[in-house]
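Same chain, two partners: chain A is paired with chain B first, then with chain C.
And now, the complex of A and B:
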């Protein structure tokens, strides 16, 4: 049934000299099964927006309807909403608290009131999804590496089997290999399940590679919203907002400008490589 | 919830009070407190209220900020008011069915106490709204300095205080973030019996303590790597100065409190 946002507005610390308008006039429709990349410069309101989607923040103005229920509704079952819309915060490893990895991941499903067996099944599944095997289950989460901690925290949300998964900068602060791995796992998860995924990121490369639709936020407003090709087609506008298109896309554009017949809508290294190899081959054969 | 506690928040504005030496403001507040607790008689109260109002206007802090600072304490003000109203012996002016006596003396005392409490809160708020935590602790350090001769670690105390004050907002922010993150996993902080609620706090307190220790560790390393060696030989970026304004403030305050005490005891 998806998510509908109408005229959402949010002001932090209203009425004090520190008040900041962090969201205004947000209208948005997200269908079930979409993979949405949410980008925007620092402070553009991304984190504020996604906290509205599971009812952690209530609309000050406007409304949000998630799976047919308004979060403003007094009878809205917030617990149910939060298990349907899983939210992984920025730096989620800071919220680990249990003695063992297993127990920490089990926190969510236990709060859902599931049986012991069901909890076990879900925890095992979630930890496998993020690439952690049984040998890790009884370790203390605090003796893991940063990347492993991050994965445990993500598993903690996955174990609730949300219909919608929202990740706030899941790859921030990780080394390139872990980055790659986490993003690949998210992509695989999306393809294997019927989840809706919303990925918040600063990295154009990451978003270009795995999202189908991109929403660009600028100063609390939605500035662009469309398919990857449409959004990255407007490089100038992105640059004016302090964002950029993926490097590869700049390369492709530069090649095109020099008269090389290459498809302009290439945003990933793999595709660019394939296209260039093909061109080289054609050239050699000619 | 946590954000509603505005008492103790500095507002960076530009007013004579903001420019004043923090020592003047601290000592001034102490004098005012003495005044608030000794004041008697309608002239005395009128003087104290007028002076507090004057200071509030002088501070250029919006009035609604003071009102907001009072809000969490309304309950205490009303509660002590009711206690005074009904439990003070004297001429009964009203009796209800449950043999609660409302007395004339009680009514007077209730009003007086309410005024004192409100003045107390407002005048402390003036100090914290107009003085940044750094200059506040600087002021306290300077005021305590004479006591270093008898072994009081003035600088260390002040440093501890500024670090603690500095990290209050950070901790509040962190608490909010962690509590949100756990709520996103279905944690429920608001329902159940006392034991259940206490247990529900574990997922919040553990990460909070861990991050507090981590921060403390990082701060210690950062301070040492910038050669922090305690107070001796340290100079200040913004030295505090006692100016003419402070002298006049002192004169006015001392005379005011002098009058208040005179009104009471003479």
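And now, the complex of A and C:
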């Protein structure tokens, strides 16, 4: 059923001297099973927007319908909505609190009143999704490495079996190998489940690699919305908004300027390599 | 400026055997150098940085800051005054409700006369390009701006060297650019010694020298071009190289006659244009 947003507006601290319009005129349609990258500078409204998606914030104006539930509806089952829309905040490892990894991940499903067996099945499944096996279950979450802690926190949300998974900067502060690992797992999770994934990120390289569609926010509005190649084709516009494009996109542009006939829609190393090898082959044959 | 001799640091606890976070580190950082330190989480790079101003003391070997042994208790304050530190999360480092008061915090504590403080604060804010914001409230600023205030706060102590521990990890691309520009200015205009710990390879590529740490030891220590040409080794220890370097490395592996000691988009485009034209 997906997510529909109509004319959403949000004013932060309305009526006070600090009043700021943090969202205005947001119209958005996200289909089931999409992988959306949400980018924008700090303060562009990304976090405010995602907090609307599971009813943590309610629309001051406009409306949001998620899987058929309007968050404004007085009878809306927000509990159900929140179990369907899993939200992983920034630095989610700060929210770990239980004595063991198992208990921490089990917290959500337990509160849903599921049976012991069902809880165990879900915890096991969720931890497997993030690449942690049984040997980790009885460890204290606080003795794990930073990347592992974060994966436990993400598993806590997955154990709710959400239909939509929203991740706010899941790779921030991790080293390149842990980054790669977490992104690969998110990608695998997306491919293996039928989940809708919304990934908020500052890293254009990461978004380029794993998302299918990119939404760019700027000053509380949606500035661009399209396929990855379309969005990264507009390097100047992104830079003006305080964003960037992957190095590979800049390289492709620099090659075009030098008269090399390379496809503009290239934004990953693998694709660039293939395209250049092809150009070399053509040269040899000519 | 900073010198380590057989520096060792180990964590001891009752339950676990001794673990060396740093193992026989011998480094010399020269005055005016811009050094980037890379390594995966837990490789010891932050532990190393905290030795540079005496926040941590060696459990073996020595660290000298401008010739001062950091283990000498009578020199603690002198060492810390000369090596400013900036950490990852700007929100944990700002203490005052007005930008200029925040920057003035350290010199006030050092007992610097107020006229001198005024001068230092203004200079520090100019250096990081935040002078116009001197009367603003820090919590209303963007991440990049806050981090530049934290840098200004360190500068107001007039240190000889500044150590930044992942200062851009929590920032958006614009914030990162702003902070990097400030760091470049410290080096170019103030002739300061800068140690930058980072996970971003493009930031390390701008340094004069890159030190790669692994398992508590120094694995590579050279100019960026040389360090990043070790694509395979870096990948093996969980690090990355700039995208263009990786692309050229891959092309070379596939048999193209290209150099891969290249770090920037422009250089890479030149190299590829040359190779494609030659055939």
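Operating definition for what follows: the second predicted complex is superposed on the first by the 279 of 286 C-alpha atoms of A that agree within 3 Å, B and C clash if a C-alpha of one lies under 4 Å from a C-alpha of the other, contacts with A are read in each partner's own complex, and residues count from 1 in each chain.
Just so it is clear, a contact is a pair of C-beta atoms (placed from the backbone, for glycine too) under 8 Å apart; a residue touches a chain by one contact, two chains touch by 3 or more.
Just so it is clear, the structure is predicted and the values come from calculations on it, not from any experiment.
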Which superposed partner A:221 touches (first chain B, second chain C, both, neither): neither
Partner chain(s) touched by A:6 [first = chain B, second = chain C, both, neither]: neither
Chain B versus chain C as contact partner of A:271, first or second or both or neither: neither
Touching partner for A:254 - first (chain B), second (chain C), both, neither: second
Per-residue contact with chain A, leading partner among chain C and chain B: C
First (chain B), second (chain C), both or neither touched by A:120: neither
First, second, both or neither for A:17, with chain B first and chain C second: first
Residues of chain A that lie at the interface with chain B and also at the interface with chain C: none
Residues of chain A that touch chain C when the two form their complex: 18, 40-43, 145-147, 172-178, 202, 204-205, 242-244, 246-248, 250-251, 254-255, 257-258, 260, 269, 272-273, 276-277, 279-280, 283-284
Chain A partner contacts - residues on chain B that touch it in the complex: 3, 6, 11, 13, 62, 64-65, 177-178, 180-188, 202-204, 206-207, 210-211
Residues of chain C that touch chain A when the two form their complex: 39-42, 88, 140, 142-144, 166, 169-175, 199, 201-202, 238-240, 242-244, 246-247, 250-251, 254, 256, 265-266, 268-269, 272-273, 275-276, 279
Contact set on chain A toward chain B in their complex: 13, 15-17, 51, 54, 56, 79, 82-83, 86-87, 89, 92, 94-97, 107-108, 111-112, 142, 156-157, 160
